[in-house]
Amino acid sequence: MGMAEEPERLIAEDGTRLDGRKPDELRPLRIQAGVLKRADGSAYLELGSNKIIAAVYGPRELHPRHKQKPDRAVIRFRYNMAPFSVDERKRPGPDRRSIEISKLSKEALEPALFTEYYPRTAIDIFVEVLQADAGTRCAGITAASVALADAGIEMKDLVAAVAAGKVDGHIVLDPMYYEDGYGEADVPLAMMPKYDAITLLQMDGNMTEDEFKEAVRLAKKGCKIIYREQRRALKRKYGGE
Amino acid sequence: MPEYRIYVEDREVVTPGELLAEGQVIASDGTYREGDKVYSKVTGLASIEGRKVRVIPLSGPYVPTKGDYVIGIVQEVKFSSWLLDIRAPTPGVLHVSEFVDEEVDLITTDLSEYLKEGDVVGALVQEVDPVKRVKLTTKGEAMNPLGRLKDGRIVEIDPVKVPRVIGRRGSMVRMLKDVLGCDIFVGINGRIFIRAREEPREIREDLAVRAIVEIERRSHLSGLTDWLESTLKRLSRW
Amino acid sequence: MSLDLDLLAKIKRHEVLSMIRTGERIDGRDFDEFRPIEVRTGVISKANGSALVRLGNTQLVVGVKLEVGTPFPDTPDQGALAVNAELVPLADPTFEPGPPDENAIELSRVVDRGIRESEAIDLEELCIVEGEHCWVVFVDIHVLDHDGNLFDASLMGSVAALATAEVPEVEVEDDEVEVIEDETRPLPFRDFPISVTVAKIEDHVLVDPCLEEEIVMDARMTVTTNERGDVCAVQKGDKGEFPPKAFEEALEMAVKKSKEIRRTVKAQIES
């Protein structure tokens, strides 16, 4: 039982998408900081039908000793999907996709952290996807940033992430399930908005160079909106709003 | 032409990467400088005192600072030192010479004769080296007792809430000690040692534990000291 | 912070014990009182049934997914049930990534027995073609925040998810099963098993232990009853022992409490 039949048109003449959005519109986004008791920091995020929870433990002692870095923290990231999060039940445990996402997500966040302030420790980041609807790796990074800030870990900036895609020839922001599955290209991107610096970038599919640049531009624009929401979520938790 | 500009208000909640100020300001705790600009490193409350800009974190691990009084728990007994868990990312090291006055023959002496795993120790952070290793000592002057702390119990709270338990000029912790007849030693690392001075010991210590948990829970409310004092006086009829 | 669990237990034991001896629990509850229970169903739309459970600060999500599979050879006319629990690392500083450890396995099996032994799912109704095709009901428990008593929270969530789950219609043609996703009927769920976990700390027994009480307890007993009040599963866990008095008190407390908890959970689902 895979994806349902391909819809006839993914985008109308005037650019309206299957879910009524305009090409540069994000799905509804909701972020809540500090939702778990045990974790040092946490966040819950909804983007469209995506439901994601991120948690941070650390900085904490790292064992075995030989894995420690004398001058900085070791960052570990684990992205995991719940068995019930997707259409066809996913067997529990990491698969190759999850392992790659975990690696790239760690690399997307590390530039933003003052790891040199926490030598010989580990900062562990966990993302659990409870419900998936395309764009989970970016949503996971976005939630993880909030969880890191919630844990009080010193950071240069928050990291915001979102994907852009090419669908029926149009460049669109934040592709949803069908657009991701039937579109021509998918471009997940993460950045530190303050520096306008990209920390994660992937592309798969078929695009001209210009189309790719346009997708990057659109994704960055989306990240700025997400960044505002991340900050709001943190301020809300501490009564700042 | 101002020498500096401040972009946030005192006590405003700020987030990592947020621009706080620019120019000739003193960039203090919780901030970092890039060129001319000063940004926040953490989620916290901006604190603006004239030119001094800092951010008070609203959550976060205990970061050991020289001079802190901490309550540690012996985690490991080594050859010439003990490793103490001080609720920091890495344990603090207490060298035998910083605990014992006399000469100790390390070849024949097992250090657990002095301190064993699980023992509770009041200590000062003597030094935090450039790679964040923490050296502790029980020698020196401190507001609270240094050395092994016996016969009491421990409560752990968020280190960020410690100032609330101490209170303005120590008023909160003093009130608790007086009303409940307990020794209460507050470690900056969020660990608190409680020991009743008189009978009924268990009940006094229980109340002290409950009071501290309440302070942590209600730290944002005002009038807390007075409310707590009257509540405890009511409950401590013995 | 990585304080040894044994060390933590020593510190906590003081606090927890001294209060229990005076008839109080660290969070102010009575010995026979549960923490606040919140159950919300239908939280994961991709699942056939789902529930979010909050039991005090313990939080978990249960997802029910139905897949077409082959029946077990010894029960050719029945569907199958598979319960799995994931103690994901974000739920607790001591949970490590990896395949289910003995705690996750025990948890899944206790929940499984509660559902299976109460015969709450009419497995015969889930047969599609005898001996060939049947529905396999996957119950996946995803623990998010561990503050004690994962057993009761997990069973509550599983039952809530199953009680509100929908089974798609199927068409069988030439030994091929076609699932019609848009047409569904309720999962045949005909009982409402509830478990009550009782912790023994010295001579005292108390229900719904929070994490600090679990760290300190000598032993626990989880008693699962069906709607009629019959006991359908019991599990004693942890390395302590239950002398006769504690055992009787625990059993009585559990059976008595289960009626109330069942009412609470049902009310939550209906609202």
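Here are a few things to note about the model shown:
Per-chain residue numbering starts at 1, and chain names A, B and C are given in the order in which the chains are listed.
Here is the rule we use: contacts are C-beta pairs under 8 Å (C-beta built on N, C-alpha and C of every residue); 3 or more make two chains touch, one makes a residue touch a chain.
Given the structure is predicted, the values throughout are model-derived calculations rather than measurements.
Looking at chain B and chain C, the chains in contact with each of them are A. When chain centres are set by their Cα atoms, the one at the greatest distance from chain B is C. Chain geometry summary: the mean Cα position of chain B and that of chain C are 40 Å apart. Centroid to centroid, with C-alpha atoms defining each point, chain A and chain B lie 35 Å apart. Averaged C-alpha coordinates put the centre of chain A at 31 Å from the centre of chain C. Shown for chain C are the residues in touch with two or more other chains, namely 1-2. Residues of chain A in contact with two or more other chains: 60-61.
For chain B, residues touching at least two other chains, in rising order: 61, 89.
Considering their complex, residues 1-4, 7, 10-11, 14-15, 18-19, 21-22 of chain C touch chain B. Here chain B touches chain A in the complex through residues 12-13, 15-18, 32, 39, 41-43, 45, 57-61, 89-91, 131-132, 160, 220, going by the rule given at the top.
Across the interface of their complex, chain C is touched by residues 1, 4, 36-39, 42, 49, 51, 53-55, 57, 60-61, 63, 78, 80, 82-89, 92-94, 124, 126, 128, 130-132 of chain A.
Residues 34, 40-41, 58-61, 70-71, 73, 112, 114, 117-121, 149-158, 192-194, 230-231, 234-235, 238-241 of chain A are the ones touching chain B in the complex. On chain C, the positions that touch chain A within their shared complex are 1-2, 43-47, 50, 57, 59, 61, 63-65, 67, 84, 86, 88-93, 97, 99-100, 138, 140, 142, 144-147, 179, 181.
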